[in-house]
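Two complexes come next, and they have one chain in common, chain A, joined by chain B in the first and chain C in the second.
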Partner chain A sequence: MSEHQTDQKTTAPSGVLGWLADRYQIQGLIDYLAKKEVPSYRHSFWYYMGGLSLMFFIVQIITGILLLFYYTPGKEAHASVQFIVEKVSFGWLIRSVHSYAANLMIFFVFVHMFSVIFMKAYRRPRELTYITGFILLALSMGMGFSGYLLPWDELAYFATKIGINITESVPLIGPVLGDMLKGGPEVGFDTISRFFALHVWGIPLLMTGVLGAHLFFIQVQGISEPDGFKALPAEKKKYVKFFPTFMYDDLLVWLIAINGLIVLAVFFPWELGPEANVLAPTPEGIHPEWYFMAMFQILKILPNLGPLESEHIGNIIFGLTGVLLAAIPFWGSKNERLVTYFTIAVLAGLVIFSILGYHAVGSI
Partner chain B sequence: MNYPLWQAGDSFSGWIYVLIHAVFTVSTLSVFGGGIYLALAESRKIYSLSPEYREFVKRATGAVLFTVTVPGSLAFVSLWVIYILTAPGTAAVLSVQLSWMWIIQALALALEAATAFVLYKSAGKTENAGHTDLAWSFAALGFLTLIVTNAALSFQQTPGIWTDTQKAADAWFNASYLASLFLRSLVSIQMGGVLGFVGLSLVEKSSAKDEAASWTASFVMYPFFFLPLGLIWYYFTLDEKATANIWTGFSGVNTSDFSILSRLVFLSVLGAVSIFFFAFVGGALNATGFKKPMAFWFIVLVLLTSGVTEYTRTLLNQPYSISGFAFNNGIKISDAEELNSGFLAKARWSVVKEVTDENILAAGKELHDLQFTGNPVSAGFVSLDTFLKEAKTVQDYLDFISIIRWGSENNIYTQNLPPFFGSDAEANALATYLAWKAGQYEATPEQTGFFAKYSANPASVVQ
Partner chain C sequence: MSESSTPQPEQAKRRKFLTYSLRTLAGVWAAAIFYPIVKYLSPHAKEVVKEVSEINLGAKDLAPGQSESFAFGSKPAILYKNGTGELKAVSAVCTHLGCTVVHKTDLSQAPVPAGHSGEGFFCNCHLGVYDADGKNIAGPPPAPLPQYKVTVAENGDITVSKS
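After this line comes the complex of A and B, so read on.
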């Protein structure tokens, strides 16, 4: 149950909702939404981050379906993407919007996760909301990784090879995972088919399920209130109605974000490089997408330690960090200060090593 | 032909120019629409009944005053500073040939600012009967400014028969004048509503706010329905070459057959639709939630749309002449033949007068700065860079320059670019400089040495 909901009775709905309410048992849902409220204070804008992530996910589903009309995995992959950006009406725009939306979704999921941690919204009873959110972040990154190879251009090919090499270095399961992803001894056309299946069916299906659970938990438990807000005297606490006020505000934020997304796509169309040549040497400056850049850079600078190779050490560090982040609701409720320090360290590490990574490949 | 001013060049990128132009446009358009909005807002029955509503009107008046005075005058001055720094030739032509228009506009701006100040000081009171009349006067002043600004801008777009007749009336009532005045008036009314929304974001929740929001939204929404009509009308008044560029102009990489112009038109339409929905959701449906952050994003959206539209308009400009001057570089058409036998020798402020093997890079830079920085838009059709992405050798650059030389105005390049004036040796110098700048020409130590000396102190290499 939400921490703050008004008790006032709602009136019978009119219009489409009224029509539906006459035929189906939705009055309870309408009453619930009408009572639901969202805290309104200085940091309320963080509440829009989750909605923005959802919006970019929806954009990706829509543009992804449109791209599917023309995209062909396998040997024709690069030619089909070239056809999309050069011949199909608005094809270039759809592809650019799809690619930018993917990156922005990951960015906002990151922002959302860190804001949730700093606002301590992972506390009891919201453990499952947090964990499903963390799974969504991992799936988003998987979505980005699997989609990156699909155009089969030079950059995508070599960056994916790097990613798969990292996966293969995971102790015990790494080689098996790598083989499963590659579909053969090397990254090739079979890999595209596997990534395509994962990108279009596997991960989106999982995401939809987990997202459904995440949203359900939020609706049932309501939006959490940070300590500063809770401590306010009742007369100073302000709330806005979830429906319609917060929902309309969310809609306006989405509208602005969509405009920003399309401006990016129009002025900086997503590039399609030359078709990948598997026999060519790795070009200089090849690097993974920004959300893997910190890991890439850390692996580059880690030394071997005795029997442990640098990649193994890296995987242990990433694995431990991931587990600790995912398990924050369980170990963090009694060590909140430690959670804050740990999260700041992770965040700083991500930023610093990403900058170093881009500097090392000559991008900055 | 040119002036001894430093070259601002890349310091003022097209984006800054477009941003300032957008602010200026928004500010100019705010007067007419803002005046109508304030006059009508005061004429409503609720004005005398509700102190909350009067407070809202006062805030909206403040928003109009601020827009007209601060960003308006800053943008006005900034535009001229940019023109003078980046394109002294163009600035000279504009200030001399269109001086009366700019003077009227500057005077009108001052008058509008003064009126807006008086309006604000006496806003939100019930006993001041003359206040509404003052708001109407403000709107009338705004419309006068609109008439003048629109004449200058539409003339740049479609100079038409004026180039032959040289009559002021032909310049003023050019082909696109009425259509663009109609369009600008509609947008101006929308701007009145946008500033009303800013006023709304500054007042507390009340029934008067809800009522005012719904009414304000109509200011933005109703003109929207007439925009397609205005756009179609305007489209058919433009030069065929200009409109053809939208559909058949050069496309960039990975953008199929969408030229930069068609992409901008798409963005402009998207922006207009988004403003409509913003007003509908933010005002008509959700006045309670319309607070300062929303107003901020609304203004960002309006500036973005306005900037993109201005950018589109600028790119639609065809190279043309004003009183015998080629617009983009301020060169006299009558000088064309003479300049083609040697441009640098005639360029008053050029430190290089004759191209030699040693000074070829410096000569190329002089030619580039004097002829190709004449338009402040650095990207799109008027930028050489857009066309030279594939050039690999000096010969590639030379081939390109050869086809944009004066006299070949029917080819697809000179429809969109300022023509090049100069001798064969000068064309070669420009090509060499551009190739060297792009890292595709290896200069001799003598050439780089001369260029370093020239860059450090141009006066030291005066021929």
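After this line comes the complex of A and C, so read on.
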């Protein structure tokens, strides 16, 4: 613990806490939480991004469980979502909130990751916090991809087809993995069942475990302080108590975010497209969700180079970028500037190709 | 176990042997657990899907430039009559990433990228363009659309087969 924390008298808890403290050794935990502090400075609002991602994750679990009461995977998938949206009281709202919160969660996970990189919070000793965070980003995108198919509308069908085809183009394990995901010779009702199992059990269970580790690491090591703050003389360093100050701030941010989410869901309800028809041609202007848009656009313009088909080149680019991003804590302290430039390049690439992608399908 | 801390050569050998045996056993055990799971997940365990090589579409009356989708086994395909009145069939699965292509009588219309004209096939996913014979001419597709053989019987029945 750093020197700025003044020693506090341990307070003997009363009530329920006191009852528990009598039986279990929680006094240390209570003292720790009472002392927990968060640095306060100009850029400390970036500290809310992880919390916001967590809040959207909680929203997803709650709305996801509610959707499960009516949703049926397989042949009736589209009809059951239609039933939720058209017949069930407030079904449209729950489904809409689930779709928007999914997007917002991924958005804030991205913002969280980029802010962590730019503030160099990935440095020793927080490598594992960063790595678990990166895994959570990958799992979130997996949730997005698996959940997208479940309503079985046209967009969902073709987005999944493309995604699985890209998976299959990975050498060696690709075809096996693709077959396992599809559950049949083609993307079909069997695929819905598999994605359903992954979406409601497989990935969430993994996420909960990794998230637990991620939060645990943060509690053990405390939140990262950027260089500028660390360099301040002790009397200029401002801290706020986590309980209750930062927690109330956090809750206020959550409240604002939930209100925003509900405004979106009410005034711009998430659409349900026509049921997927395996024989019909792919509709015009088809495109994936925004977080896959840059990849989608890059796949459009990549050429076939000799024996390498364009999707192989795509795989190499996306795979390499992912590995480099994931390994940022291990680039070495001499290369921190390089990390920043690389991240700026990735961010710029994502933004530029996404804009080009939306422009190409006529949305911009 | 003080005597085991400085093992005799004979003991060391035995210990090494035991360690290797145990590791091998653990590996075999893990494989025995893992193998059924992998097999369970592979799609063909449930039923073997028959490869279709021929399909009878019955009698159809298509005008030149007209097309119709049909399922060739589990995959979409297109039967069409080209400008010269010839009846043809191609797979509708884009050779890029597997979306379903659409038959166009005129490729010069949007959303097909400019610079193409006449009859052909177009994929809306990544803007792949094929000519009237299914040959890939622009965009990312790496190969032409597979062509099928079309035969018309005397009673007008159309049969499409993999040639």
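To be clear about the criterion, the second predicted complex is superposed on the first by the 348 of 364 C-alpha atoms of A that agree within 3 Å, B and C clash if a C-alpha of one lies under 4 Å from a C-alpha of the other, contacts with A are read in each partner's own complex, and residues count from 1 in each chain.
We adopt the following convention: a residue touches a chain if its C-beta (ideal position, glycine included) is under 8 Å from a C-beta of that chain, and two chains touch if they have at least 3 such contacts.
The model shown is predicted, which means the values in this text are computed figures rather than measured ones.
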Check: If you stack the two complexes on chain A, which partner ends up touching A:363: first (chain B), second (chain C), both, or neither?
Finding: neither
Notebook entry, point to check: Regarding the shared-chain residue A:208, is it in contact with chain B (first), chain C (second), both, or neither?
Noted result: neither
Next item on the list: Could you look at A:183 and tell me whether it touches chain B, chain C, both or neither (first, second, both, neither)?
Entry: second
Next item on the list: Considering only touches as defined above, state whether A:278 meets chain B (first), chain C (second), both or neither.
Entry: second
Check: Which partner does A:335 reach: the first (chain B), the second (chain C), both, or neither?
Finding: neither
Item checked: Overlapping contact positions on chain A, where the chain C interface meets the chain B interface -> none
Checklist line | In the complex with chain B, residue positions of chain A that touch it | finding: 45, 85-89, 91-93, 95-96, 240, 244-246, 248-249, 251-253, 255-256, 258-259, 262-263, 266-267, 269-272
Check: So in the complex, which bits of chain B are touching chain A?
Finding: 252-256, 258, 263-264, 266-267, 270-271, 274, 277-278, 281-282, 285-286, 288-289, 293-294, 297, 300-301, 304
Check: For chain A, which residues count as touching chain C in their complex?
Finding: 158, 161-162, 164-166, 176, 179-180, 182-186, 188, 190, 278-286, 296, 299-304, 309-311, 360, 362
Next item on the list: In the complex, go through chain C and note every residue touching chain A.
Entry: 38, 41-44, 49, 69-71, 73-76, 92, 94, 96-103, 111, 123-127, 139-140, 142
